[in-house]
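Here's the structure we're looking at; comments come further down.
Chain IDs A, B, C and D follow the sequence of writing; residue 1 opens each chain.
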Amino acid sequence: AKPAAKARVGAAARDKLGEECGVFGVYSGAHDAAALAHNALLSLQHRGQESAGVAVLQGLAIRHHKDVGLVGDVFSKGRRLPDSHLAVGHVRYSTTGINSLQNAQPFVTEYLKGRIACAHNGNIINSGELRRQLIDDGCTFSASSDSEVVSSLIAFEALKRDSIEDAIVHAAEKLVGAFSLVLMSHENKLFAIRDGWGFRPLCIGMGPGGACAVASESCALDGIGFEFARDVLPGEMVLIDASGVHTLGIVLDRPRQGVCIFEYVYFARPDSVIDGQSVYGARYRMGAILAREHAVEADVVCGVPDSGLDAAAGYGAASGIPVHSGFVKNRYIGRSFIYPTQTQRETAIRLKLNPLATNVAGKRLVLVDDSIVRGTTCAKIVRSLKAAGAREVHVRISAPPFRHECHFGTDIDSEDALIANNLDVEGIRRQIGADSLGFISIDGLREACAGARMPLCDGCFSGDYPVDAGGHSKMQFEGAAR
Amino acid sequence: AKPAAKARVGAAARDKLGEECGVFGVYSGAHDAAALAHNALLSLQHRGQESAGVAVLQGLAIRHHKDVGLVGDVFSKGRRLPDSHLAVGHVRYSTTGINSLQNAQPFVTEYLKGRIACAHNGNIINSGELRRQLIDDGCTFSASSDSEVVSSLIAFEALKRDSIEDAIVHAAEKLVGAFSLVLMSHENKLFAIRDGWGFRPLCIGMGPGGACAVASESCALDGIGFEFARDVLPGEMVLIDASGVHTLGIVLDRPRQGVCIFEYVYFARPDSVIDGQSVYGARYRMGAILAREHAVEADVVCGVPDSGLDAAAGYGAASGIPVHSGFVKNRYIGRSFIYPTQTQRETAIRLKLNPLATNVAGKRLVLVDDSIVRGTTCAKIVRSLKAAGAREVHVRISAPPFRHECHFGTDIDSEDALIANNLDVEGIRRQIGADSLGFISIDGLREACAGARMPLCDGCFSGDYPVDAGGHSKMQFEGAAR
Amino acid sequence: AKPAAKARVGAAARDKLGEECGVFGVYSGAHDAAALAHNALLSLQHRGQESAGVAVLQGLAIRHHKDVGLVGDVFSKGRRLPDSHLAVGHVRYSTTGINSLQNAQPFVTEYLKGRIACAHNGNIINSGELRRQLIDDGCTFSASSDSEVVSSLIAFEALKRDSIEDAIVHAAEKLVGAFSLVLMSHENKLFAIRDGWGFRPLCIGMGPGGACAVASESCALDGIGFEFARDVLPGEMVLIDASGVHTLGIVLDRPRQGVCIFEYVYFARPDSVIDGQSVYGARYRMGAILAREHAVEADVVCGVPDSGLDAAAGYGAASGIPVHSGFVKNRYIGRSFIYPTQTQRETAIRLKLNPLATNVAGKRLVLVDDSIVRGTTCAKIVRSLKAAGAREVHVRISAPPFRHECHFGTDIDSEDALIANNLDVEGIRRQIGADSLGFISIDGLREACAGARMPLCDGCFSGDYPVDAGGHSKMQFEGAAR
Amino acid sequence: AKPAAKARVGAAARDKLGEECGVFGVYSGAHDAAALAHNALLSLQHRGQESAGVAVLQGLAIRHHKDVGLVGDVFSKGRRLPDSHLAVGHVRYSTTGINSLQNAQPFVTEYLKGRIACAHNGNIINSGELRRQLIDDGCTFSASSDSEVVSSLIAFEALKRDSIEDAIVHAAEKLVGAFSLVLMSHENKLFAIRDGWGFRPLCIGMGPGGACAVASESCALDGIGFEFARDVLPGEMVLIDASGVHTLGIVLDRPRQGVCIFEYVYFARPDSVIDGQSVYGARYRMGAILAREHAVEADVVCGVPDSGLDAAAGYGAASGIPVHSGFVKNRYIGRSFIYPTQTQRETAIRLKLNPLATNVAGKRLVLVDDSIVRGTTCAKIVRSLKAAGAREVHVRISAPPFRHECHFGTDIDSEDALIANNLDVEGIRRQIGADSLGFISIDGLREACAGARMPLCDGCFSGDYPVDAGGHSKMQFEGAAR
């Protein structure tokens, strides 16, 4: 179940996950950088629907446009950026719903030695301290986002350094947490840097005529006709200019790495390949492993659209139980208010996700979904399947139970609201009304993602993070300028 | 491939099908008729995205609101209709793109004996003659739609008849073509009538507290928590009032019937059941029959999202070839303009529908889609699969080749633009770049829909229509008031 | 005080007057008819701010665009009509606030012998009967406006007549009430007709290159650079075509005439000349006559902006008392909501109309306004002047007390809500807090407008109308289609 | 002639003046500060129509909303700020048309010791140097406005100072140019400070229940029902908190003062009183002095609405020539596009400002306007009067000829575009087509404003500024972030 879509229908109860942002940068000799960035952001829209923006270089100046809304709304007719060979773009997911416009990205800054535009995906856990230090050193802030902290820190470092490259490296060394950054400077340079733990994905692609791009996910490269070249490595910094892509080496050396395993479970688009592991492939294997770990006798496997479908395919293949469409999802509902009626009882769920009676009635079902946060949506879905005549509903979840906060960009609920911290598996099963319930094991999930060339972070399930998150002060949004 | 969505991306070349409208009516003692109609229209939105409207009875008056846009836009905050027990709703697909607001429905008319609101799905082939006759008899027209003709005809008949029931019957007798009508009158009555050929679907459902509804498709009943009761029969007229549903019998007796077979292939939502035949079931069997009629050795079956997925499931099950996701469809693209770039070559297709390399590269694919109109989209999809590494692409189409116009509400291209009238199957195969190509046979398609209790119209494939469409004058839109 | 502007600020209490509509038509060889109509409507905007529309002829077809809003909003970028030599335009004032879009004009109709577009200013008092008769004769209606009745009546008459000219004349003969109509037909003809009583103004102008126009007021001709030629006479019908302006004579002969005297007092723009009498000149003389009828010793004369300013000038000149600006009117307030605050007491009035202390403090003032309906606004203004230090405030009103309904297009309050039907002059004076109060006499008002070549209707003051309005059934809006 | 309104109609040729901004702040125990600020900004809207914003204190946090548009648009339904006792508001006029949203005010900043919101009216002529220095000291900038410089400078000073009061004073000492600032800090304090030269107005008012406010003009106090208390003196700083208004004395001591004389001529609302001089009174006397300096035999005096009307009244009174309305101004035109037509020659002027033939035809006119910049509008107006039959047109201008740039907030054209730098009075007369032309003398203008308790700056006429503006670097907008 897609969290942001749910949010738009105004779910009072919070039963969702979210992540902050998609980033993109491109250097194209053909002066179509703004258009390429726009189109690439369309392919990254699933990573953030709250705001969107693109900055381009024009001579020594940086022009940008950003606003609240989907990419298509922000860049609707009449809002065109100038032709340019260099662009940085961003889509943003917001956990708070406030500060929308002020915190939209890219963040454009003029500082001692020039101008930069910065797009950021991730979560800096020491941004509160860094902001406080910068304020102590005399900096001022007008927004409340990590990105302003990162931009200010780079500008501050630039005072003491010989080059923007040096400033970025020294700034990045101070950042604790998740960051995949794309920056451009007035010196006609595009930079990409990924934190040393490698939490969030970032990759490089090559386009026609020597064009080069960096993007959060490889699907954005596909969409604009670029060839995927390679991932940016954890701690690596890359410079792209007129002469092509240049690695500046691993500038941030950390003892452990951990790409967010939930990118494979839910966030990333299935057609992306992250650190060598196909997202679709991982999800399909999650389903197969679930079939092994939680076998059950059943007539039909069905997935919850859209995020459960790939694991359902894997479950079916591994178990030999036929896979069928269990629901029809209403593709128009996200934009609409559903009126409460006296006649219509469980209003929303069947309008959004209607069981396909043909495949459900009288059947013993395996229902595959990607995760359970609070369990309320899952309970409604099970109830609607039973109402449609399902004989048994066996729920299989392709993520282990959430038990811990994420400090690195995933917007999980507070720990005490997580159903798995309040009920055991049998308790959850009873609450959602399923005939059986199985979560994939952490080991099983790791096995499913074994194609990744990197260690994975599964801290939200295991509590074991590649870096100690304790003791850092959260940014005090409530006191910040709105 | 969804036609209307394509149209919104501004396809200059026309490679699409369309149908006119979804209708809904409800009688609810709970005075929530407007809200029920709104929510039901959300479930019928796939039948028309151009305009939407709802009319309700308030005392002896009819209040309505209709506008250009999706249901969610038309009834955005602040546009509420009064509480009422009786409502009629409509969503409209437009073939022309003009006259949008004037032709939005329901059409509300005051005439000699009262007021009616009328919602119409279908196409009246003699509406030009009827309009001319009504004009000769002194009627005036301010829009250019069939619906205004139908409303005027009923009002005109009402002059000579004793009751609105009689007027509707006598008016309907004069209509040649497809019509599923839902009407309400100031006398607190809701009527539903389906043409004697039965071209377009129409069904009845029962809600809590004695509420009754009619809808184009059963999925609209599911969405509001009503139970499907039965289909309105071809030629049947039904009256719904405070005492429930009353059939007025088969008032339009035609020698042949023919429910549009393309409702099963493409138009209807898979979770609907039309005249006894599940739409999903029919599509699944189309795939199975395709597997029988056009077997091929291959590694993977994949469907073109969303409309080819169900038939792909059937093809896979029948052939034993595993079914996998072949593409990721961008769910955000419909609302966005895609900027042309110099760098990005085949701009649109990979942004909209990106091949899932994992499942495609090195594989021999069976690609299942619902239809080929001009072949341009199909060619792009095949090309993108090959670019993603597909070894072979065997295209299987769950509809026979289009060769004839539809006069009954399906917006097929002109006959000479249809690829099947210009090329044989081998020619089409070559043009779309497939390694093999198979269309389901007309007999196969009929077999797939054999659960329908009614004869089917397959005139667009066979040229054999249940009623002679020749010689009727089309409405002269070009001369009509805009 | 401008009524419509007040209405936009959301006055719950109704203290306003209104009139229905401005009309315009043009025949221009230069194919810029749509643009001319648009610009002319800008100059007629004071006659109606609720909706606007323009229809043009394109070949045999009539294209039109109309919507709710000001002219500038309705024809904002992107809504252009095709080039044409023939256009009809309309701005509408609405008394009800509902039915806005359905009743927007011009009303375009297709009937037996072609197509017409019709724009109407006035009020047909027998429209209820005519509509009922037309319904009895088989006509249908989808809106609830006089204009639809007029259009249908013309179309109905056309059945029995040899020409559109004849049909218009025969239809017009049946209309009782006020109407200045501008029509165009598909036969490339523009018609203007004014009711036989001459209630509402209508005039003819000549533009460069043989272009001809008709407009509600001469200021609309000025604005587009046309020369005023003459007024359309009461009962006269005029045809404009490629060969110029042709009178068809006085086709509606009525025993009495009466141009609405309130056009001179308030409705019309001061730069218009109606039936030979300059509106500014009339208002100036009203002030002078007020000075004669209600002399008072005072230091300063000031008018209530904008409508009281011209009479104030006349009062000053006649009395020898200097005229000064008494207020500054906020030109931006109409579009804004004024937030209620605890601190700010009489919220709205000083934001909208701030006394100019320099001219007011310590002074004995003559305050000139155009009319008193309920007296609430006037009371607030007097209070604010006193608060600004005025020693005395002598209110002079350039219209006699309203005592009677208007049946001919002026939207006066119901008779029992009119302050003059509840209080005598001394009572009103006390209620508005003035030191003295004088209304112009009916004879004085007539004298002020003596330049008009026509008798005047002062029925709202005298109860004497040029035609008997009794016994006609009002259109039953409450039962009409919304 | 109102410059901003002209700009909205899209005048390609630039024939206008403009000023930057209106400011407002309020401390109200009644927690209605946001509403008071909103309403007060409505009364300051004439000082800036490009963007608007309000910031309020909520606990220790500052919440704000600002956007491009008129006050009424920016705070349309649904955009409410929280209840608060402390608010700062701003309306902005923009000379550039770009950077709109980024540069909207109030500017909210978090710095070492807290948070401030700052609203600024004026122009800092050394903002380029200050920005460069701040950048050298490590500050970063994300917008391109003076206000960000001022905010950053205060925050920077706060590092070295013990209190926000000290920081504001030390920052303000560095500012060269015009500034009337209203600031609030998280410490629950509202500050107002006016530059030592006193270029822009700023005044204090008292409301019910101990509420205190500061505003650019006294008319904003009237509008919200506050009593004008006194002006903030040049160089004075004022603190407003729960215990009332406290002067912090003259903190900026400058050898010369000079309130902008053009505030009296054109910018300010006539109902404002600035530094003891009523604006209306000054304008009236300008007219009287013009009559003395440039007497002429004539029949009628008329002013160009709205800005020439008050001086015309004075001219008439002094000369004994009767004053009449010369034009009707279209109040709706500002929001509308005027379509170019072939038929309509001098398109815009008569639509906007139509001569009142009654008062003009055959008359010898004195036409009073406030200023001539390029002369193009004036020429059109004279032409239209002649076309309306004026026998003679004697133009009288209540400002001397513009010859010099303004560095202090008035947006005059470049010096070589000013007509007075290219033609002598006779040359201008000929170009505008007047029969005679007279500008008020600088001495005469000073005499008209003699009620002001302060010296006046007339640098745009005389070239004599109270502070040397030479050598300062303008902010380089072209290189700034958009």
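Convention: contacts are C-beta pairs under 8 Å (C-beta built on N, C-alpha and C of every residue); 3 or more make two chains touch, one makes a residue touch a chain.
These figures come from a predicted structure and were not determined experimentally.
Participant: Steps needed, at minimum, to get from subunit B to subunit D via touching chains?
Facilitator: Graph distance in the chain contact network comes out at 2.
Participant: CA centre of subunit A versus CA centre of subunit B: separation in Å?
Facilitator: 36
Participant: Hey, how far is the Cα centre of subunit A from the one of subunit C, in Å?
Facilitator: The separation of the two C-alpha centroids amounts to 60 Å.
Participant: In whole angstrom, how far does the Cα centroid of subunit B sit from the Cα centroid of subunit C?
Facilitator: 48
Participant: For subunit B, jot down the residues that touch at least 2 other chains.
Facilitator: Answer for subunit B, listing residues that touch two or more other chains: there are none.
Participant: Chain touch graph shape: choose line, ring, star, complete or other and state it.
Facilitator: ring
Participant: How about subunit A: which of its residues touch subunit B in the complex?
Facilitator: For this pair, the touching residues of subunit A are 28, 30-32, 34-36, 38-39, 42-43, 45-46, 49, 70-73, 75-77, 207-209, 211, 219, 222-226, 269-271, 273, 278, 280-281, 306, 309-310, 313, 317, 322-325, 327-328, 330-333, 335-347, 350-351, 354-359.
Participant: Show me the residue ranges of subunit B that touch subunit C in the complex, using the header's touch definition.
Facilitator: For subunit B paired with subunit C, touching residues are 59-65, 101, 107-112, 115, 135-142, 151-152, 155-156, 159, 478-482.
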